[in-house]
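Notes for the one structure printed next.
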Amino acid sequence: MSNLLHRYPSFRNGVHPPESKADTHALKIRQFPFSPVLVIPLSQHIGAPAVAVVREGEEVARGQLLARSDGFMSVPQHAPASGIVQRIDFVPSITGKMVPGIYLKPHPGSSQEVAEGEPCDLGTASPDDIIAAVQSAGIVGLGGAAFPTHVKLKPPEGKTVETLIINGIECEPYLTTDHRVMLEHTADIYMGIRYLLKATTAQRAIIGVEANKLDAADALRAAAPDDMPVTTGVVEVKYPQGAEKMLITALLGKEVPSGGLPVDVGTVVVNVATAAEIGRLLPHGRGIQERVVTITGPAVGRKGNYRIPIGTPLRFALEQVDVSDNVSRVFLGGPMMGQALSSLDIPITKGTSGFVAFTSAETAAEEPEYPCIRCAYCVDACPIYLNPSQLGILAKNEEFDRMADDHSLMDCFECGACSYVCPSHIPLVQRFRDAKAIVRERQAA
Amino acid sequence: MNEQTLWSVFVNAALVNNFVLAYFLGICPFLGVSAKIGTATRMGGAVMFVMLVSSVCAYAIHHLLILIGVPFLELIAFIAVIASTVQLVEMFIKKMSPTLFRALGIFLPLITTNCAILGLALFQTNRGYGLLQAIVYALGAGAGFTLALVLMAGIREKLELATMPDVVTGTASALIVAGILSLTFMGFAGLGA
Amino acid sequence: MLVITAVAALGGLTLLLATGLVVANRTLYVEEDPRFDEVEDMLPHTNCGACGYPGCRSFAEALVNGDVLPGKCTVSSGDDRADIAAYLGVDVGAEERRVARLACAGGKNVARNHARYTGYQSCRSAALVAGGGKGCFWGCLGLGDCERICDFDAIIMDAQNLPVVIEELCTACNDCVEVCPKDLFSIHPASHRLWVACKNLEFGDDILEDCEVGCTACGRCAKDAPGLISMQDNLAVVDYDRAHGTRLPIERCPTGAIVWIEEDGHVIKGDEARPTLRHSSLPEAPT
Amino acid sequence: MTSRNRKAVIGTDEFIKGIWRENPVFVQVLGMCPVLAVSNTAINALAMGLATAFVMLMSNTLVSTLRNFIPKQVRIATYILIIATFVTIVDYAIEAISLDLHKSLGAFISLIVVNCLILGRAEAFASKHRVRHAVLDALGMGIGFTLALLCLGGVRELLGDGALFGVAVFPDGFEPWIVMILPSGGFFTLAAWLLLINHMQQRKEAKTGRVQEVPR
Amino acid sequence: MSAKNKTLEIDTSPHIVSGASVEVIMRNVVFALVPVCIFSVYVFGLTALITLTAATLSCLLTEHVLCRWRGDRSTLGDWSVAITGILYGLTLPPALPVWMVVLGGVVAVGVGKFLFGGLGHNAFNPALIGRAFLQAAFPVSMTTWYPALGAERFAVLPPSTFTLPFASPVYDSISGATPLAVIKFDGDITAATDLLMGLTSGSTGETSGLLILAGGLYLIARKMMNWRIPVAIFATVFALSGVFYLIDPAAYPGPLFMLFSGGLMLGAVFMATDMVASPMTSFGCVLYGVLIGALVVVIRLWGGLPEGVMYAILFANAVSPHIDNLIQPRVYGTTERGAS
Amino acid sequence: MYRTLVGVGMFCGLLIAIVFQGTLPVIERNRAEALERAVFAVLPAASQRTTYALTPEGEFVSDTDAVGQRVHAGFDSDGRLIGVAIEASGMGYADTITVLYGYAPEQEAIVGIRVLTSKETPGLGDKIEKDAVFLENFVALDVRLDPSGETLQHRIVTVKRGQKTQPWQIDGITGATISAKAIGEILATSSERWVPIINEQLEQLVAGESDDES
């Protein structure tokens, strides 16, 4: 609504899916119990998997290191609960493939107490110290991509970071994790920003919030410390406002070069929850053991935002919230970009910002696919200004090389805005995913 | 003698009586080389060039043959001279600028044995165009040819990605599009009067 | 008089033109692949453009460069086209025929799905969603990307949603190898008869829950043919550098993951392998 | 592609192939300009077809006769000269026979010179075969060309003028489809014939279950 | 808890869609056209009703038969061919013989749409192809106009309507000339109010500019039509003809006359906007509109024909692939445009 | 190589020249007949003709080799000048229309017209050749000189069918307005040029001795 009255900055194009956040955005974060067994994949992030440092049968305390990072592009893993390492084996993963992981059996009645580590003192630590501390806290992007945060914080040779952008957009429908974090952990966020500013040597920080979360923006503004160069920017409600490229464009008016990184325009984007986690963990030298997850969707009885230990199997989580019997689809992440799950044995990982469960009733009837009528809805939706219609036609004709060479296929970041609007129900983004995979293989060959 | 203004000569040759769509000249390359826009554009440029050359040649031959009293050799002289001149130009370009040759020269042989070129020579002689008129006529005809070719190529590129019924093969679809373009160009009738 | 002028005029004209061209040919000659000339000579020189190339010369160049087939020329007769093909074909020596082979036997009658994939019907898309929902992560998803991409109609999906390569039609173009998201195809000489039709890297009989014909890594085939077959990453691997004309290794395979392909394309499993007579698909198994 | 045994080819095939299997208009799609331009009436079509056939016959004969004397480098030039000569002859002949016909065929008589079909036959066939075969080939091609032109001219005159060879076919009050005599009608009619032929071909293939080698 | 034993369905994202669909868009265009049709029947009477019905039915039937012949399911359900049929009918002279209407309808859908591959692939506007074919085939019938608001229009049919198939129509009692023909050949100008209200001779659909505009506004408001195309056309026609009118008001008609006469309204609002044959990008649409506008002015002012909207749109259809090639959106984070 | 090419060339020249010479008389006769028919058609009362060329100096000469635009004077059997047949052309609907029209100085009118070449649409534009009402216009189309003798009193115009009121107006053709107007334009332009010249030099146009130039 407020969009109509104010002109908030934004990027061009994009779509307006129904927000569907009303069910959970007012619900306070609640703590989740431990499941009988926690399933902890060694690779919950982009990069090299962590290396287990515990043995089977070993007793571990909550917060203890379970696996160390394997190189710079890797983060360690801490125990989400006190308990016994049952097995080190293959665990199910969202990709469908079995991956190495640890089965941890929490002690019955394991407390929520966490072992303290070596604190990182904001006043004395050097940027490199902070980056090292971020790594050893096992922090990855909680916005969904699970990219190791410390890697981002270290700008490549010759580049400097001027602006730190904190991503509080949460443009995916249904999800309210970041919204709650901004309301309830404002202080942690600012503490995190302090660390981040120091680590990146950025001049200022901007917290980007969508106009549908004005209460969060107000809370952040009210709590903003006077001594910090931080502002809160409210931007238009639009999908995919939360994508870092779009957010940078909305807040700074700059475009990240094609194939480049935010740091090419002097920015680093970090999710609010990530920032809050940094602010929460670093002063105590702890590692991540849990994260805030929105569990919602028509099939969920007790929707809400929960603080859930890493490794909790989805089956357990869904049981806790009274999932309906005829649940038919579960998406990790929101409905626009989220991944569908093939099995409920998959655990919640650091990158899980929420999951949405639909019953068979919501499963829309298969709409027939029409030929592209060149309505240009997709052209007007694509935030990267591609021509999805032409790409779709080329994909149908298997002209993959032309897609890449003439129509910038590889710039598509698969936001799905085009598929969302297409009146012909053409599975555009699906075709682009296929095409990109093929092109990537051809280029590699 | 013909007193048409140059503008009228041009508009007529290019739009109203488009060589391809109204006079049916140069259909073979029109059907053959109109599958890709890039090729079509370059082909159009080459045609325009050859038309200029042959228009000047034809003008000269026509007057020369009248001078020596054998106007009945016109046809054979036209074709022989135009063909050889173009071949000379082709060799020259090939030697001097391989890039230009790649872009334009390779079309030259195709163009010499093409109705549009000889037709141009015959028509301009029939109508008694002066040298300047002949040159403008060649330019107009070339421009019209290029326009038709390029429009055709645009549509064919688009159709290449379409799912046409099985019976519609390349040539048939090209002919249908040509027919529609020809209908469209009828709208220009009366311009350039 | 008129006749004499005419004869003289044309004679003079041709003389002039011939001289011009001869001189030009000498001074302006450009060195090129001699095959261009040869092939151009075999073409009809009509420069009609019907082939889609700007003139016979360009078409000849395209032919020599292998961009196009002689059949594109509508003017020359079938014989001429055959001649050109023969001329250009000379350097394609007689090589051993190679075909695409599929390393999966998990049709829907023997392999289970965990989840029902309802999205865009393409293996590549499906593979991105939890691996496609098939119990065996490595197995064929059966949505036929390979069938669609094969330009030679050499692949058909059988009743069990497994692709079947028609060896006579396969040109070993590699397209299916590239397209399959599960990397199930590879190009092999047609003489490779011994074939491991599985890529599952899991170990033990657990596999059989998901696919009744998977390789359980029991290692019997490797024992029966030491050296020829070795176990790598829980999978039997044939070393085709050795003599592999033996059917022995398939005999004791309990699941039939290793097979023998007859010359006519018929696939033979060992006696131990449970014959699978079922034709209906297995029910989906939630995990 | 297997090379057919050349020796087995007898004369009749040379003759027949031009009429149907390698029809210059419907299959090879050559010499389209005169085909489209002067097929607005059946008479024009017939005259044009015969003129082309005559030129083809004469040039094929002469080329075939001279084939062993013409050096390779100048053969195309020679063929063009020969063809141009016969075209000029035909041109004058038609003018002498009927001024009106000459007028309605217009420049397209002269343009026979550049008809790809004629040069194509001279180069692709006559220059490599004995005179007898060259003559048969030219006759076959010429008849094929003329028939195709008649197919077009007939349809166009029938619908565009309600007549055939100038004789009214429909009763009075027939509303002529003027578009058929216009250039676009030429394109559409030829397209329609091609569609029809494709359709028949496909039906035949579907029946025999054999994929024919169709030049694409 | 049984939920855990359930087989889940998996799908690629996005898992929700906007609900926009081809049928809905097409159906709304039909709705927007209905008032235009009704008004046209009011102005021309029974014969317009017959012409519109015959046009629509012939298009629907052709589509149905051809789909079946090709072995596909019939595509009548997507409503697109209904638009083609109605628009085609609206471009015809009201008293055109029914057999010609049907013939043109078959050409419109058969040649203009089916041969190109059906919905979404037609390079030209099918309705206009039908009309262009008729215009070339039967120029006299296509320029014989039934007078507007004739007293007996609901009682008596003009003799031409039910001419025997393939026979020449008789136009005895019919007279009436379109405002454009009147100005081109006689130099008289029709009153602006008549034009605006649509009380003039002309094609079935070129009557009320106001109703057409209203339909267009409805579609634009529902985002089912690209407003840039009609606006660019109107602006170009207005500006160009305005300039000439200022130079010599005696020789050239005024801009308002140009806007509301002939098929410009119908063409600009409903036919130039056919998404299938128009460019995709916003700027491309503006260019396309400007091209159409300029051609309309050129043909009307200097061409031999009184009206050029149809030819202008068809020509622009042919140019639109090139516009799409040249005007591609600049890809985010790059300086060049997307396509080559 | 030279030998073949030049040889073939010369042979071709020979062949063409022979055919040309053989057919020339027939063709010339055909052409003359056609011309004659046309001239007599537009000058209905004439029975012989002389072709004149207008020299750059503005003189009519009947020398066949003279350069200049040609007109054909028609005479009755007594050698009295009936009128002059003039060729004129201009842009029609589709392409240039060429007409031959007869101007009769005595009546100061155009007394006949014949379309020589036109690409006007069959069934529409070609009514300018066939439409009886239209051709009726040219029985006596007024091209009176104004008193100065330098221009016409009224320029020829085409009007809508049925609206002809003046002898210098052409009654148009419905459905082929453009072609009909084009004829009017062609005649108007040509007559404005020729009528004064012919009237000034009437005495030069006398029955010649050579009717057929062949």
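So that you can tell them apart, the chains are marked A, B, C, D, E and F in the order they are listed, and the count of residues begins at 1 in each.
Assume a contact is a pair of C-beta atoms (placed from the backbone, for glycine too) under 8 Å apart; a residue touches a chain by one contact, two chains touch by 3 or more.
Since we're looking at a predicted model, the values are computed, not measured.
The chains that touch both subunit B and subunit F are C, D, E. The minimum number of touch steps linking subunit B to subunit E comes to 1.
Averaging C-alpha coordinates per chain and comparing to subunit A, the farthest chain turns out to be F. Of the two interfaces, E-F and A-E, the higher number of touching C-beta pairs belongs to A-E.
Per-chain CA centroids place subunit A at a distance of 70 Å from subunit D. Centroids of subunit C and subunit D (each the mean of its C-alpha atoms) stand 42 Å apart. Work out the mean CA point of subunit C and of subunit E, and you get 49 Å between them.
Shown for subunit F are the residues in touch with two or more other chains, namely 1, 5, 8-9, 12-13, 16-17, 20, 93, 121, 123-124, 178. Annotation for subunit E: residues touching 2 or more other chains are 4, 6, 8-12, 111, 115, 117-118, 120-121, 133, 136, 139, 304-305.
In subunit C, the positions touching at least two other chains are 2, 5-6, 9-10, 13-14, 17-18, 21, 25, 46-48, 50, 114-115, 118-120, 125, 128-130, 133, 286.
If you draw each protein chain as a dot and join the dots that touch, the picture is not a line, a loop, a star, or fully joined; it has some other shape. Touching chain pairs in this entry, ordered by label, are A-B, A-C, A-E, B-C, B-D, B-E, B-F, C-D, C-E, C-F, D-E, D-F, E-F. By the touch criterion given at the top, residues 160-161, 163 of subunit B touch subunit A in their complex.
The part of subunit F that touches subunit E in the complex is made up of residues 93, 121, 123-124, 160, 175, 177-178. On the side of subunit C, the complex with subunit A involves touching residues 114-115, 118-120, 122, 124-125, 128-134, 137, 145, 148-149, 178-179, 181, 202, 286-287.
Note for the complex: subunit E touches subunit D at residues 111, 115, 133, 136-139, 141, 163-164, 166-169. Residue ranges on subunit D touching subunit E, taken from their complex, read 170, 173-175, 177-180, 182, 184-185, 188, 195.
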